Amino acid sequence: MASSTLGDTKIHELAKVPLKEPILVQGLPGLGYVGKVSVDFFIEKLKPKKIAELYSSYLLFPDGNLGINISEDGTYSLPKYEFYAYNEREPHAIFLTGDAQPSVTGQYEVASMVLDYVQQSGGKMVFTMGGYGTRATGDVGSVYAVVGDSVLGERLKKLGAKLAKGGAVTGAAGVILGIGRQRGMQCAGLLGATTGVYPDIEAARAVIQMLTSVPGMPLELKDLDREIDEMRKKMEKFRRSDTEESGEGEEKISEEDKGRYIT
Amino acid sequence: MASSTLGDTKIHELAKVPLKEPILVQGLPGLGYVGKVSVDFFIEKLKPKKIAELYSSYLLFPDGNLGINISEDGTYSLPKYEFYAYNEREPHAIFLTGDAQPSVTGQYEVASMVLDYVQQSGGKMVFTMGGYGTRATGDVGSVYAVVGDSVLGERLKKLGAKLAKGGAVTGAAGVILGIGRQRGMQCAGLLGATTGVYPDIEAARAVIQMLTSVPGMPLELKDLDREIDEMRKKMEKFRRSDTEESGEGEEKISEEDKGRYIT
Amino acid sequence: MASSTLGDTKIHELAKVPLKEPILVQGLPGLGYVGKVSVDFFIEKLKPKKIAELYSSYLLFPDGNLGINISEDGTYSLPKYEFYAYNEREPHAIFLTGDAQPSVTGQYEVASMVLDYVQQSGGKMVFTMGGYGTRATGDVGSVYAVVGDSVLGERLKKLGAKLAKGGAVTGAAGVILGIGRQRGMQCAGLLGATTGVYPDIEAARAVIQMLTSVPGMPLELKDLDREIDEMRKKMEKFRRSDTEESGEGEEKISEEDKGRYIT
Amino acid sequence: MASSTLGDTKIHELAKVPLKEPILVQGLPGLGYVGKVSVDFFIEKLKPKKIAELYSSYLLFPDGNLGINISEDGTYSLPKYEFYAYNEREPHAIFLTGDAQPSVTGQYEVASMVLDYVQQSGGKMVFTMGGYGTRATGDVGSVYAVVGDSVLGERLKKLGAKLAKGGAVTGAAGVILGIGRQRGMQCAGLLGATTGVYPDIEAARAVIQMLTSVPGMPLELKDLDREIDEMRKKMEKFRRSDTEESGEGEEKISEEDKGRYIT
């Protein structure tokens, strides 16, 4: 009984939603959790429909291990990407969130699978959101843009973004932009300056505001300030409950260790 | 003379035993050796029949190297998983023990092979046993459960388990639960709180007791205390002989180094 | 929807140029950036035509991550190799430069792809340029040669090269020489002694001079000194602008970190 | 132009030599270089004919990099295994030496290729030689045996070997024993106790003496002491020339760094 190739990357489609040239908006765990906080905010606010999940043996925890995430009710699941479709107004969008990044070995495979899926839905444009490391707290609130072509760069500059000059974007946010551009898609990365605090709500707020200002984006957030405030309160509550729980005999989990403390 | 794909994961079937919906009970080396000590206890006590061995180029030593394990008589073998079948009473069970964990790269492949094998035998339920890191010695004796669905969670809570809240289960114990759930199997992890002492007999005892209490499990251990005592004595004897041996000119082997000191 | 093999190594041919037994001259990022600075100098000076690009999921940043490089105008691209063809005079040459080295896993595949491409163009000879670690600043300016056969070694010695004695050449510069020799190609590595300063212009200068002296090489650099001076000035200007920029609120990027500071 | 699978493990056969059930005697770089020094001694002494070379993208330098080894005359080659056939007297033997170990990922593939080759020549028995870590200098000179079956163990004990009790043999010496036993071959490892000094001539001497005593081995070394003395002198000379050379401006290479100092 020999093994066949297992553990590959697979997308499970959950629902079919009619989409017209949807824009992919990706936010995954990374520096300051800027990307993930941002996309999760859109998902909570716009309530798009969940259409697919991606599973992969390459979706590792930040410490490089494989395993399952446990929910607050004791149930669990494998790390995954989740795709949400928004088609109430044009332009349509696919929001991509997740609870892990692929390993280096799997970055190309996972990013290519995501783009296959988006292109099959007619998608031609990719926005990734993430963090941009800075040590100057005064720079938090700035959004640095990297762009596939300079026309898009000018457009984003007019909206207040700074163009990143040199350097690199590593990880899932970078790889999907690189492959997307090779496929002839319009691509841009919106990177919120962050000192790396986890999660960096201020940086996420700047990225969210920038994305809502892109002409044609299906998002008009009138009460961003109030929304951000609510998000901040939730985060603080989440942190407090963490601290209380750890008084009950459980191992105190530092923020870095979160999500990988059981063997 | 070119190479073909070698070093894959293979299951060598040793015997055919009629099984009716056997429950997979897995315990592999990990935190506090809780899982392995627990499953080895069942195997010693119930004397199930060995039905298969799994070999894989992904079964590494804890330090990430490949090699062979040496027995006390100088003979050796490659790291392996061993499957034992119990069918004296219902529910039937397959006990899975082993002397290594797969590397991250091989976790999906090995777990999938194991589940293929169990499902071919009609299996629909998976229990994995392992350790749950705690710094509070007072918590040792607690069993934390992670479950595929909340009905099973309620059942385990009634038996005295606490539901794990958040966090993650990494390694083989987690991955097989994740894939098992995706395949629609009933799955639960029983994690004994441990400070990481090696091997943690108290944590294993709590896990063993919990599993014997699951209604329908084919195990009625009347003399668990006496059995645990004997196991503890064996372990202590094993440790003493270690210490004596190292006085004879051999390298003193710390517990962490055990099993990987020859090149 | 299952994944197919993605992220492989691919060469995109951009132009067909008639070539007669072109010599491959490779210079990639490495110790002191000697190889890359050298080949980029030839490309700037001889203005050969760009004929192909190589992309690969194995082309990693120096820190082992995947991602995209950002240009000064905010646009980006995946790490790549670039092939330039020179056919104005004989012998013809293919210059290979790039902004990354393959990972260990991909070294054989990438080097084999490069040699396939060069052999299809009729190439039979390979020169790689790189750095040779020394702690003695007095040795900078020496060029150490490693050769596929001793006849070529004698030829290079007459031009002033020292033959390397023992040791190893690791990375892309070494692997392509190893595979090239196995294929029966004439191969040599020219390694400029460097203390590892980045970029080491003096070491590159010695390697450039050595290569221009190889009889039959299509390069007669009359004003090497002036050219090197201009290159040095450019580098210094580039460094200064770096320093100024980092005063504007951005993270100060140490030289080691360059090109991988955004996530 | 897409890539095919490259960089695999390949055996290049150089000569056909009639062999009758040859014993494989393997010695590769490892702890104290005991295995490699031992097998190289047999090759120098018995002058067997070189019959094959094995190349693999998995044959890495000790620091995990790929590259080429440079000879004293400036020529180079990829790391390789070398097979030598001895058929002057029975039992015939294939001696396997090399200048690298496979990476963990390649251990199974490389060991399987070697055994395929040996079995095609009619081989049924495998001896690997290596080092056995000890901190007690008084133990140097002991040979620890690991055996596929206890009959062979008894035979080796009569010749003065100690049976290893517990622990593990990692790396190429262990993996080939493991796979060989699975294929039903007679296998033993002879491990010379070593404090890890490089190279450990005393440990190698003990292993050589043990192997020459195995009844039926085609080796009667009358002057082992003299031979060992000569080998020791060569090693010392080699070390002295190292030290002298490094005075001439080259980087001083510590013993650990040998063979990987150029990039």
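Chains: A, B, C and D, in written order; residue numbering restarts at 1 for each.
Everything that follows uses one rule, which is that a residue touches a chain if its C-beta (ideal position, glycine included) is under 8 Å from a C-beta of that chain, and two chains touch if they have at least 3 such contacts.
Fair warning: this is a prediction, and the values are worked out from it, not measured in the lab.
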Contact distance in steps, from chain A to chain D: 2
Intersection of contact partners for chain B and chain D: none
Chain whose Cα centroid lies at the greatest distance from that of chain D: A
Rotation angle (°) superposing Cα atoms of chain A on chain B, nearest 5: 90
Self-contact between copies chain C and chain D, residue sets same or different by half: different
CA centroid of chain A to CA centroid of chain C, Å: 36
Centre-to-centre distance between chain C and chain B (centres being mean Cα positions), rounded to whole Å: 51
Residue numbers of chain A (touch at least two other chains): 105
Category of the chain touch graph - line, ring, star, complete, other: ring
Full enumeration of touching chain pairs: A-B, A-C, B-D, C-D
Touching residues (chain side chain D, partner chain B) in the complex: 8-11, 13, 30-31, 104-105, 107-109, 112-113, 116-117, 130-136, 138-139, 142, 144-150, 153, 163-171, 173-175, 177-179, 181-182, 189, 191
Complex contacts: residues of chain D adjacent to chain C: 1-3, 6-7, 55, 57, 60-61, 63-78, 103, 105, 245, 249-253, 258-263
